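Naming follows writing order (A, B, C and D), and every chain is counted from residue 1.
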């Protein structure tokens, strides 16, 4: 808080839950330490949002997890004074992993109350204690413990009278269910079907408004049955022409925009373009002459940092390395690639984590192989097995 | 043109087609007769758009047709000088009926050139003569003749050297195919499925981005097959829960907005609220006391002028009688109705064109029956078999 | 109301004022006679807005008045049942002329309550009876009487117990004061001054923020005095370079957009382009050959129907004849004119109402004279002394 | 560039000027060192925009200058290869100070070409060599030299054949002339005049459109003279009621938004709220108890970091300390202050740079004095002469 520009309501929430009432106490403006600690000493919980923007450890941890989950990972940190509770019982629209860091916390977890709350699309409002029944799990977590709440499970946590609690909650799988993919897929599938299958372009029956619609829904009319069967048969036909790979790439594109950039170790940096010691010194540019050879061994910096997507006639390469640690602070990052480079990039993707030599890239010539490798290296997307050294 | 505010480009187009080139010659502003006739005398075709706004006959004709088609009917009128052609060969996105009024016209009609042009969604650009091949129909139409081009058939018409042509073209079935209904139905069906069927809310596989998407489309991986089958099975499930009647009502609502208002004859007016002689005279209101009895015989003014649609919790009655003769000049017209009036209104819709007595309406009491009948009568939606007369 | 589409809240207001409370009772939608008369019989006042759109007499009257006032004239018609009052005491932002048509009305007029209410820019809220003091005028008006309230005078009118009242109120001079012209003039004057006078472009004093502004307003500092004198001297300089004619034309342009179109008598129409008997008959165009001669006598149709305005490099002629009787239903109407026609048009404007011969127009040649005269005639802006007859 | 996210076109421009042609060569995306140095080695100039966001030295220097100028100070850094020129001759809308850092540069400065280019409002396009005549100043600058171009002076600089050039250009006084203040002042002055002086609310003459405006500008009519005199007299009246302090505060408010935040030395920080060692340690909050006494000596952190502005009924304190080093990245920062604190804050502003004791603040009680001092201290706006130490 001292060094960083932490804003109440943006990066930090001050909350209480007592006597069944959940309240937020954020003042406007920047959160300065004296003020924040004063709230804490008065029994308020502090929720630090997106600690990945402030902590390199959290950034690294989440960027590795997101690769594993194929879905954005977020986090919040919670500091709760002894003997208090900061939040009302509720469920979230994400899978949650609570990692206890300091102190202890007493947790109660409850079943979803009805079928439509199982694996829900949206987070709940706050529940009253009466509404949630008996917990299915009750536990006190201590530093090093991890607690997992699946999406939709109601939960609440409070501090024991004699000790505070500090934990981080990692979340993932927000809007990442089959239905979310179908939201992207169905309009595209219908468009393909209309363009390619004349049955979708045939006119509706002249009289369909006379037997379909709410005002006719109680009619006993064979035309209704035929109409409904026709619609059902068309929907089933859609399954055959759905452009699934294209819809997956739309989701992938969003995921790459959501992603944290990878966190590089100093050793890793030395093997990327960031390790080249090019600089301005003594009134001149130094050490910029680096070159790959046919045998230079390369690989992608990380699995999942790039994605090839078709966009109309052209082919775009989306990538995560220039994203910000602050969610969506940067626009989606991509560049257009030559169609003859697609095979080479796919080869690198599928070879990961193995190193391959430049001349093994499926390109038309060694010049093309070197050009592609150097281009991806300069963009910061490749590691070389040995650091490239200036001539 | 003398009495009405006819605007070039809005109500009237001035066109030529000669030496394979189609041109529009609209000057800006209001079309005054001297200027328009000058274009005509110089060989230009005149296309009067939406004659239903200027001619009662056309209005009446189209308003009857739209009821029959369950889809908006439009019209244009074409006046072409002898020995000229006004338009290049093309096809339209509507069913077209050409009715010859004066003079003669030589028409040529051609097959769609490829499967995806059959029953097309969108009109074509202009074709060159070379591109369209041999006509499948060639005919000279004379006053009283009607020519029908199905959606997608290429056509061109030109005048004989010695006689001009005046015809009206009636169109219908724009955006009225099964695909257009599915555009409304599928998002609603998916929303229902996600809310009601947990299978749609289950998370996507952790690793699906590694084998799905364009960059993986050549992979030989059993996970791809399973993923595709899962998607296809979910799409087929959609067929079962699709809210078809609700989607039909969305289309019906748009149709009622598109509709021309009904054209009433003087005799018909006498049987509606417009026939009540209420007026201001001699410093006082005269003849406003009209009442229905239990035995008053009533019916809807026209089939298709109202539509019951559910909107969230409430029930709305859309109607066409306050529409303008100019397309979409008025917002969609509707009022909310009491849920206990729904049965009575459905009864009137399904009884049409028979008259029914007020006390046969399925309402809870005679008071309710009279209230509903009087309400619809005052809105101008009902005919009484006998004109209501003031007390 | 029977023939026209009168909408509650748009064309008709239903109001009451009783026990010191003013209420509006507009239902939604179209105003049908039975419903409207029912309100009236229950003691409601009816205010018909913009009767000029429905009555040719009112249209003609207002179009003549607007020429006289150089400012838009509007009107409302008020029908009030015996023994009631429709509106609370208030003042308006316009000059008002009440013309009694039927029955009688009892009026009370009050002085503005404070200096800033004299000739106000905005209408007042409703006043309570206590707030307005004693009337300075109290009168009963009868058919044929006219009552004038200057802008800002508080007024209220109620019906005698035994007779209703019908009157029309004509308004003018809304936003037509010196300040309204200065709102247009000052930004233009400042822009000219900055471009032309380097004193306006000189930098502000380095330290002005230290002695100017609210936090320094109590400082006794000679720099404050100099700064204020400098600003005052710059403002006074503005007076010299203010482009007054250009600002007046901006107001004129708005006025022409606000204007009603002129109402032509049948006799007048015969002398305009609308009198030419051009028509479609027997399959051919008839009677379109009309021509002016050098001696044809012409004049503007009406004073004030056109206005020449410079817009950047080009010269536009704004005109009112294609306006709608409904306020601002049409966009501002204008066309670009050749710079060599400006003198001819100014000559016609300044000659009005005298007829002048075509060859007296200050143009370069007879051809130009005929072209200009015929152009304005075809646009419907000129009268010929004798009707033009087809060859 | 290695550590920071430098974007082409946002933070860095790559340019050339040769054979009279100025070109920009920015590729899309992030500027990585290898690519940038490659451009430089090929003869391109590099312009690093807003070095204050990357260099603490520049930030500090500009933040001190802006206080002195009362106007935002910006900067760009230019690196030019030997024997090249990066930019075409042009003039800018700011006062420019060139500070040579490395190498040498040959500069030529030219007089404004016409009166309206003296102290211009807007920067010029690029000039050809032919258009600018002979320089009035020609010089070679070396490290440590400073060159000043007043607003509007045309200039160009190129490198000697044997040495590169690195310089920083500091700019100020953009949109900071008397005219810019009048743009804010005049609408407010007119609004005051209309509200307070009935002469501004009087109606325009009935017939003014007949003798004013372009079409009447050649008329010899005494009414024109009176009208013009009336307008001039009203403009002169405006000088008397112009709310100058309010308009200055509008400019001040914008200036505070434009400002860089002050750069604090480590020693200075120790005397502000940022020096309090409050922290989380051993599971508890440490060292947050700090208090002022009546004799604590305080002063504003910097002159010009706060500004009191009236906004309607309330009083806002704008401040610069939470601004970003990136221009306008943060919204304007302010908080509302109690009216009884205004005198105290003005006292602190006018006492700067002297320290004053808390009990010398013009507040109603010691409690108020302590509350105000502590409030400003916690916001980071005050220095204490001695660091406050926790109890």
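What to note about this one:
To be clear about the criterion, contacts are C-beta pairs under 8 Å (C-beta built on N, C-alpha and C of every residue); 3 or more make two chains touch, one makes a residue touch a chain.
Predicted model, so just to flag it, every value in this text is computed and none were measured.
Under the touch definition stated at the top, subunit A and subunit B share no contacting partner at all.
The distance from the centre of subunit C to the centre of subunit D, each centre being the mean of the chain's C-alpha atoms, comes to 45 Å.
Computed from the mean C-alpha positions, the centre of subunit B lies at a distance of 59 Å from the centre of subunit D. Centre to centre, using the average C-alpha position, subunit B and subunit C are separated by 40 Å.
Looking at subunit A, no residue sits in touch with two or more other chains.
Judged by the touch criterion defined above, the protein chains form a single closed ring in which each chain touches exactly two others. By the touch criterion stated above, subunit A contacts subunit D in their complex at residues 2, 5, 28-30, 32-35, 37-38, 40-41, 79, 102-103, 163-164, 166, 273-274, 276, 278-280, 283-285, 288, 290, 322, 324, 333, 335, 378-380.
Every residue of subunit C that touches subunit D in the complex is listed here, in rising order: 68-71, 95, 115-116, 118-121, 151, 173, 176-183, 185-187, 189-190, 193-196, 198-204, 206-210, 212-217, 227-228, 230-236, 238-240, 242, 244-246, 248-249, 251-252, 255, 304, 307-310, 345-346, 349.
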